[in-house]
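Same chain, two partners: chain A is paired with chain B first, then with chain C.
Let's look at the complex of A and B:
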């Protein structure tokens, strides 16, 4: 579904993503991990179009999207959330989803909106101001709801569980599992918590200094010496 | 009938019946009203671009000037009927705004400065393109508004009714855009443009559309003004006053509301001309500055929201 071929992103003299080649299949749930500064969010920005790679190709569902603007990628089915939630300010929760659905899919389907609101647990907050009246867990749920409203084929989730307390994290993780099953959407998720990734994903991709250093099943990848070194800075005994 | 409908009907009765009947014979007051409502129309167009498009413009004089020149030249050189030419004046201003599309990449003060520069370019063009515009000598004897079915739209009352109708139609268009899905997306774009783009909103196109609509509205009012005063020169048509007065009016009246800018323009212009000018005949505009500063400090959201708030409080107050 998503193919990255030799993608490179540079900011001045810093190479944030270095000649990365990666393929994500339809309906896969893949974890994207790596230490801080590994280039994970930059990679998300490159895939969603917020950052333009200096080199390489990005193909989504057989369409070369490297030069496609952000909004067109969203309409093709590339949804994403932000690490720091970005609700559409001055709008209610429901209006947030409405804009996402109207512009992401080209039409409005009220019952589908209600279904998504219910799924992310925001039905009772539908009329609230999204930027000032929601708790962190609700803002995170809104991020997912907005992305779902665009009817994505692949959802890029950027540390969507970060900052949540244990119970909230468990509930959210269950929601992500259900979302994958119910909506059939593929997921590429950035997450630091190894337990979460192991629980959610059948495949994990590890970046370090913008380079792909491991790709495989979670239990294999998290035992990989190079991965451990990238996190701890030391060789595994 | 609810309170909202009653107030709309009352306002229509005042605008279309009471004002012409009570003030129609006072040519001075009618001319002040026409001028203030025209400024209000530009203020409304400015506020639409700022409120929905998120762009603060210091260059609406460009659209005003282009609209006035296009309409005047079409009637004088090609014999196009005045009302049709006014619409084409709006189209001309919208077309001129295409030249400003590159500025949409800019934000905040950079956009404001760039669009200010464009306004100067259009003024210089009008001055130097003598064979068409008459250069700095300007155009005189621009056709007045016509007489149709026995009613003289060129009379003071006729001019008043035309500008009131134009501004009301524009307010309605503004209201429809704001209530649409496009309006909702535009509102959201101000503080979270990336977040709107990743859900499929073509933010550049929406901003361009608001620029076109705002330019069209300003161009039509510029065209009306040309046929109202029957004279045009570059320093007048592209005067910076057509950029600054609407800003003052919109901020004073409440630029986040639809009718605030119009009410602000009528209030500010009438107070300036009827009160301040009598005390300080020369330099009375200084009082306008003080008035605006006072309003911003006293009620930052503007006059109309302040009135609405007071009205709500008085209705909710215990008997």
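Let's look at the complex of A and C:
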């Protein structure tokens, strides 16, 4: 569904993503991990169109989207959430989802919207102001809800569990699992917690200094010497 | 004396209606594009001179000029947009210089075409007095104040209920999040420039219908719109209306109680006072929690 071919992103003299080639299949749940500064969020920005790669090719659903603007990629089915929730202020929770559905899919389906609100647990907060009346876990749920409302085929989740307490994290993780099953959406998730990734994903991709250093099942990848070195700075004993 | 003060407050409130239309246009463009259109006051002035030109050429009421003003000002607003849109680097800063330059060009074009003389409407019907209890105003003042409230109501409806209005609010709220929802920000920018042009056209015809116009007025109108936007805080239509009414009243009281020479300074004094005491504006909210 998503193919990245030799994608390179540079900021001045710093290469954030280095000649990366990667393929994500339809309805896969894939973890994207790596130490801080590995280029994970930059890669998300490149895929969603917020950053333009200096070189390479990005194909989504058989469409070359390298030069496509962000909104067109969203309409093609590329959803994305931010690590710091980005609600639309002065719009209610429901309006946030409504706008996403209308512009992301070109039509409004009220029952589907209710279904999404229910799924992310925000039905009771639907009439609240999205920017000032929600707790962090609810803002994170809204972030996922907005993305779901655009009817994505692939959802890029950027540290969606960060900042949540243990119970909230467990609940959210279950929601992500259910989301994959219920909506049939592919997921590419950035997450630092190895246990979460192992629990959620069948495949893990590891970046370090913008380069792909491992790609495989979580059990194998997290035993990989180069991956351990990238995190600890030392060879595995 | 008390009667005089109440009359000044009434006149200031009526004046505030047109100020609100001007400020809303400025705020709308700033919201979607993060550009302070320093030529906005000149667009309002252009509409006022179109009203003058139509009245002079065809000996009709300036109100007849509204459709012409709408077309000319909206096209001019779109041209401003096209020029601003060409700025790819440091747009927030560079657009200030560009729009200031456009404002100077419009002022000079007005000077060339209509000369530097002070103009006012010849329509006696528009200038007839309307008595409302103890208060007096010109028919045009009261009429355009009511029209301003209607236009603000329509704008509120459009922003709250229409899809383009919601898209404008979404882009103003968070540009990246809006794009990820499938919203094309360019469309919302164009729409906001056109809506700002519509409001400017009505405000310009209103100003000519009950006041006097001259080429340097455009710059002063931009400053007033900017003051109101700061008074209102992070934009809401009721906030802008309240800010505009407040500015109108302060100006009118200054003219009545002190001197007309202090009118502009009074607005600036209010601006500085709010900026120092309530930096988020009278109706703005502090930065949201993390």
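Basically, the second predicted complex is superposed on the first by the 237 of 237 C-alpha atoms of A that agree within 3 Å, B and C clash if a C-alpha of one lies under 4 Å from a C-alpha of the other, contacts with A are read in each partner's own complex, and residues count from 1 in each chain.
Following the convention adopted for this analysis, contacts are C-beta pairs under 8 Å (C-beta built on N, C-alpha and C of every residue); 3 or more make two chains touch, one makes a residue touch a chain.
Everything quoted here is computed from the prediction, not taken from an experiment.
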Side-by-side fit of chain B and chain C on chain A, or clash: clash
Partner chain(s) touched by A:132 [first = chain B, second = chain C, both, neither]: second
Which of chain B and chain C A:88 touches, first, second, both or neither: both
First, second, both or neither for A:186, with chain B first and chain C second: neither
Touching partner for A:210 - first (chain B), second (chain C), both, neither: neither
Chain B versus chain C as contact partner of A:218, first or second or both or neither: neither
Footprint overlap on chain A, comparing chain B with chain C: 48-50, 69-71, 74-75, 79-80, 82, 86-91, 95, 98-100, 102-105, 131, 146-147, 149-150
List of chain A residues in touch with chain C within their complex: 48-50, 69-71, 74-75, 79-80, 82, 84, 86-91, 95, 98-100, 102-105, 131-132, 146-147, 149-150
Partner chain A, residues of chain B touching it in the complex: 181, 184-185, 187-188, 190-192, 194-204
Touching residues (chain side chain A, partner chain B) in the complex: 48-50, 69-71, 74-75, 79-80, 82, 86-91, 95-96, 98-100, 102-105, 108, 131, 146-147, 149-150
Chain A partner contacts - residues on chain C that touch it in the complex: 163, 166-167, 169-170, 173-174, 176-185, 236, 285, 288, 290
